[in-house]
Amino acid sequence: MDYLLTEEQIMIRDLARQIAVEKIVPIRAELDEQNKFPTDIMQALAQADLFGIFIPEEYGGLGKQSLELCIAVEELSKACVGVSTSYAANALGTYPILLHGSDAQKKKYLPHIATGKKLVAFGLTEANAGSDASGVQTTAKLDGSEYVLNGTKQWITNGGEAELYTIIAITDKAKGPRGASAFIVEKGTPGFTFGKKENKMGIRASSTTELIFNNCRIPKENIIAKEGMGFIIAMKTLDSSRTGVGAQGVGVAQGAIDEAIRFARQRIQFGHPITSFQAIQHMLADMQTQTEAARALVYSVARFIDSGAKDVSRASAMAKLFATDVAMKVTTDAVQVMGGSGYMKEYPVEKMMRDAKILQIYEGTNQIQRNVVALDMIKDASRAK
Amino acid sequence: MSVRVVSDKCTSCESCVTACPFGAIEMRDGKAFITEACTMCGACVEVCEFKAIEKIDESTAAAADLSAYKGVWVFAEQHKGGIASVVLELLGEGRKLADKKRTKLSAVFIGHSIKDKAQDLIAHGADIVYVADDPALKDFNDDSYAAILTTLARQHKPEVILAGATAIGRSFFPKVASSLYTGLTADCTALDIEAENGHLHQTRPAFGGNIMATIVTPNHRPQMATVRHKVMKPAPRDDSRTGDVIDVRYTQSGNPRTKVIKTVEEIGETVNICEADIIVAGGRGLGSAKNFALIAELAKVLGGAVAATRGAVDEGWVPYPHQVGQTGKTVCPKLYIACGISGAIQHVAGMQSSEVIVAINKDPDAPIFNVATYGIVGDVHEVVPIMIKKIKEMRG
Amino acid sequence: MNIIVLVKQVPDTAEVKINRETNTLIRDGVPSIINPFDMYAIEEALRLREKHGGKVTAVTMGPPQAAEALKEAVSLGVDEVVLLSDRAFAGADTWATSYVISQGIKKIAEYELIIAGKQAIDGDTAQVGPETADMLGIPFVAYIKKIEQIDGNKMLAERLMDEGYDVVETSLPALITVVKEINQPRVPSLKGKMKVKSLKVTSWNAKDIGADDSKCGLKGSPTKVVKIFPPAARGQREVLTGSMEDQITAVVSKLREQSFI
């Protein structure tokens, strides 16, 4: 289906696709098996200018927005969600600086992010703060001209590989939700170390580690905006990045469908290719229809966000929850279509199924997304007398 | 020369449009029209059933008197004093050409401490051997080798010079052709003297081996050509043959612009596949590096070399020196067994002149069966083990 | 460093198929691409520029549509491009091509290194590199698999030979051809692709480069194609029958008869 993309959006799509096909597909199985970070692919993405898509031109980026980012993420996800997560998490970590950073901070950090020279990670989650973000316990105490950070972040994507980390920490416990602030911490700062790399079910190319802060001192200029803005910055960041996760869902679903139908065409049983059986045909039809609906929703919401709309939480939550639920169903069905072969590591769909699961969990579980949608609907309904 | 359409005869069948390798023919107003992309190859003239396309010969300026050029020469490449095996094939072919032209066959032999080997060249058919033996010529050098051959050619005016299409041949031979402002045809698979005008007809594959082209150098001399190893038949040895050995003095002029600092030989555990008489090759159809071991086993049982398609090399199952095809090596063994290879043109271009080709592929429509002498439609993972077993049984 | 890269637009011979009935090439829908070996040349030039600074210029001789190949080079990061195009250049063999290219390079004038791919996949001759070097009067080294260093006006590089490699030192300026082992070509960049949109390709004709008409194109070519024909159908082809086991037995017997076993 033609989504009437602009010439530049098509350019971005085709380039991301070229990298996906030439560089990601040949090594995705190896990255998955060895839990290996895709360093060479990150370099290729950097050199292709793909890290700068959503960074303003004045900081060396291309000045594009969510839809362009979604298009790139979708193409990379068709090949490997582990790689696209490493790429998309970079945007996640950058949004705090992009949306709320000072001019000085933007000037200092955005150019390196745009060129892919420095990767970024977003540090919110903790052992006691998953869906309940208010459970954050990492503290940041002002001491003279420095903030001192103490605490541990859990399950942080790009942990250990990124140079820059945007961290949410409590500056004033008494103020509750208004007591958190956002900070920029650079790798190598004394007192900042990494825990071991997690051994995950899927997206194994992505590096997931703990971030350990032990009396880590950072210059007080590294606070983003001002004290108390932490959760607002976090929420706005997640609002902006949800469509990206939706795009991952659309991508992996499409990748799975393409593999399944390719296999099914040449798999002969009972004297016919299995694509000639209605059971398979109906499964394929449902898979594609759901994926197309997810794609249409993700693109529409991205366009809506890019139009400058103020209140995007409900829309972005819907895009994320729908597309990722579709991805889980479609990748599972793809394995089913391929039967025993689909279960084997020789074929890529079992990995796609394992990879898809996280999409329903991270960046706000689909249960939390449903809360967001419902609460927004109720708020609207109460206003409309 | 130009090629043009005789409109009244054109029936708009469009056979010429599809036949043109350069896409230079289009239909305009219902008639064939030849655009400026035309290279005058004449493929359209050949294919038109209605003789509606003709080639018009507007002769180009004739070069200097061609009859002054006589003799067939062969560049006798050597490595560490040993004559390269392709040279014997060049001498074999050169002898045929020289005999047709009723002229002498000479060899140009450049190196250091090689004089005593000149006799070998004579035994293989050379009537004259020009030897440039000097310490400065021990290692191959583009500038000095080209200078010597160019000077000799200017002096003695041979009609034909042949060289092997080896790393050395392909490197300096074009430089000689350029200096002499003459034609050079690379990788010839056939050479012949045209009866009518005595020109050397040089035939070679083009477009990755999809078509063959015959090329001539009508107005320039010498006519130069390179030939790949194992394409022509080597000359037989006849120790009773005699010939002249002529010393060529070499004086180095100025400092060499390039020099070899050191030579590193990579002696792999396997035979250089271009030299092998039997090759067993594997493609993507094998599925994994583990399965590729089957290829090695079959090769071992037959005493042959292992080769692979680009697909298998890209997967990392076997290193690049084993790659056969357009961007790999061209081989010409007596027996080539293609296992799990589809037969894409870029691979076939590298092995289609093998004498006997056996193809194993589970797809009956695989293009490899178009070039195979014997084809087995089956899963390579099943066929190869059975084949190995039967070969062992047959040996007893 | 000023580096010139020689580029050729070729039909994707991997996609070219033979019409089995008429034994002619099926060119419909065969895309034109940058000669694959030239991609390695472009990549090496870009890496040298990254290391030593300077400018990379891509040059090609061809019909107007060859500009597409130059645009692709720009999307990869090449700074400037020159198209050598003139009706008089058509039908050129390697000598006439090298003549035109060397005339074009003489007009560009400033360069320390010229890099070309090992061979073009349509002509497969590998002759334009060395012939152009000869016409420019500069040293030539073939099959470079690694450039070790460039120091002032000397270059140290590894040249692939049939059974290993040589380490060669050459004075600059020089012309080299490169093989696949040398690097991994990059994909285009978005900024590069955007640069292409507003790009006007510089095109020089015979007069612009001071080329002697009698040395260009078909007229200037010492070699001429007299015939094009399909490769001979391979002789004796046997269709084997019976079960797979029978077929294998039959083949093995034949190989035995022919003394392979």
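By written order: A, B and C. Residues from 1 in each chain.
The rule is short, and it goes like this: a contact is a pair of C-beta atoms (placed from the backbone, for glycine too) under 8 Å apart; a residue touches a chain by one contact, two chains touch by 3 or more.
What you are looking at is a predicted structure, and each value in this text was computed from that prediction instead of being measured.
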Central chain of the complex, centres being mean CA coordinates: C
Top chain pair, ranked by how many C-beta pairs fall in contact: B-C
From subunit C, the most remote chain by mean C-alpha position: A
Inter-centroid spacing, subunit B versus subunit A (mean Cα positions, whole Å): 54
Subunit A-subunit C separation of Cα centroids, rounded to whole Å: 42
Chain centre separation (subunit B, subunit C; CA means) in Å: 18
List of subunit A residues in touch with subunit C within their complex: 7-8, 11-12, 15, 18-19, 22-23, 44, 47-50, 52-53, 62
In the complex with subunit A, residue positions of subunit C that touch it: 186-194, 197
Residue ranges of subunit B in contact with subunit C within the complex: 1, 15, 18-23, 36-43, 46-47, 60-61, 139, 142-143, 146, 166-168, 170-175, 177-179, 181-187, 201, 205-220, 257-267, 272, 274, 278, 302, 320, 326-327, 334-335, 344-346, 352, 356-358, 370-376, 378, 382-383, 386-387, 390-391, 394-395
Residues of subunit C defined as touching subunit B within the complex: 11, 13-14, 16-20, 22, 24-28, 36-37, 63, 87, 90-91, 93-95, 98, 121-127, 129-131, 133-135, 138-143, 156, 160-171, 174, 180-181, 214, 218-219, 221-232, 234-240, 244-245, 247-252, 254-256, 258, 260-261
